[in-house]
Amino acid sequence: MKRFDFSRGAVDLVACRAQLADPAAGAYASFEGWVRNHNEGRAGVLRLEYEGYEQLGVKEGERIIAEALARFDIGDARCIHRLGELDIGELAVWVGVSAAHRDAAFAACRYIIDEVKHRVPIWKKEHYADGNSGWVNCEACAAHAHA
Amino acid sequence: MKRFDFSRGAVDLVACRAQLADPAAGAYASFEGWVRNHNEGRAGVLRLEYEGYEQLGVKEGERIIAEALARFDIGDARCIHRLGELDIGELAVWVGVSAAHRDAAFAACRYIIDEVKHRVPIWKKEHYADGNSGWVNCEACAAHAHA
Amino acid sequence: MVQIRVEYFAILREHVGCTHEALSTPAATVGDLYAELDRRHAFPALGHLKVAVNDEFCEWSTPLRDGDSVVFIPPVAGG
Amino acid sequence: MVQIRVEYFAILREHVGCTHEALSTPAATVGDLYAELDRRHAFPALGHLKVAVNDEFCEWSTPLRDGDSVVFIPPVAGG
């Protein structure tokens, strides 16, 4: 079972959570990134497109989960990131962590989402109500979107 | 709709999460307390019993959620706490928070669970494999359980 | 004398053996009431106890009024 | 000369107009390869670019070998 994975379809959250069940776990922290209708002060985001470099992405994602398991006193952790076209309100990324106590569960959950956002090769293209679109985090693209 | 509530039956997590849906929310942080098979170094916990002072508990719970909404830049927050007999692995408490950004979502989620644990009048009785039982956080009870 | 009601939860409910009792008391404050009931029931030592009147937390110095409902709140353990 | 493959993602894929290309190059390192392809494709300015060879991150000084698969990685934006 992969602890980090990409998904091209909707994520089954009930199944994801069930993978972390553990009679020794008293705490479960989870994080979800949802597609929101605004970004960096710009309203009118209609939908998103995620593209991933999957072969490297799953390796880097697994490294991040392994780091979390080594750094924090947790039982298990998982992460799934969506790829493809997503509408407003859809789940883009899910992180789940089970642990004996909540300090470690929260800390590991935060660590994983932060590292995934910074290190896993995934790119996000926003489509706006005015017909423009742009790759986020990319100045040249932003300039292009506003052109 | 109450933002803090008690439940005597299993919590419908899909419905709970759906209440927080918001097109402006990019982040959803949640926490679950699960019944674990050990506590404070003592193994062999078989099951738990939660008793609540409900009339005061729902007021204090609502105050905590209102505080979180005032202190953190979040969209919405909810919490449900189980009452009655629970088996190992069952969900005891759920907290969910939606926000534009993850900093606020994590901070508010942590605030709510910490305050609920300290302020909402709920008591936990542990039943052990050796036949003893005891009210947690209560020295006299602990002494009684070991008697 | 005021007519009041006391509700018991968790360890206090088990210790006293009932969920509530109605009583007439000369106690002027909820603190006085606790002292009176402690003499009768010999409550266990419970660390930092809180108290509520009519489903709101209050001070131990809160005056008792006719018809009040009082709850002594042992250390909580939710989550 | 080495035979290598370059894969393009996201903004680079759109800019170059293809998902990958196979080529023969005199480039000694992945950095040299980037310079060569930049002359041909005039890549957009992308801030801090990373690079991977054979699906692992590597340095720009990494020597190119026959059969290598190279990916230039623009700033990421997951989550």
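The letters A, B, C and D name the chains in turn, as written, and every chain counts its residues from 1.
Methods note: a contact is a pair of C-beta atoms (placed from the backbone, for glycine too) under 8 Å apart; a residue touches a chain by one contact, two chains touch by 3 or more.
Keep in mind that what you see is a predicted model, and the values were worked out from it rather than measured.
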Leftover contact groups, counting everything except subunit A: B, C | D
Most widely separated chain from subunit A, with each centre as the mean of CA atoms: C
Whole-Å separation of chain centres (CA-atom averages), subunit A against subunit B: 25
Between subunit D and subunit C, distance of the C-alpha-averaged centres to the nearest whole Å: 74
Interchain centroid distance [CA atoms averaged], subunit A/subunit C, Å: 50
Shared-contact residues (touching 2 or more other chains) in subunit A: 33, 113
Junction residues of subunit D - those touching two or more other chains: none
Chains grouped in pairs wherever the two touch, ordered by label: A-B, A-D, B-C
Residues on subunit D engaged by subunit A in the complex (per definition of touch): 7, 9-11, 13, 44-47, 52, 55-57, 71, 73-79
Subunit D-facing residues of subunit A, complex: 33, 50-53, 55-56, 59-60, 81, 92-93, 113, 116-125, 135-141
Complex contact set, residues of subunit A against subunit B: 13-14, 17, 21, 23-39, 88-89, 98, 100, 102, 105-106, 109-110, 113
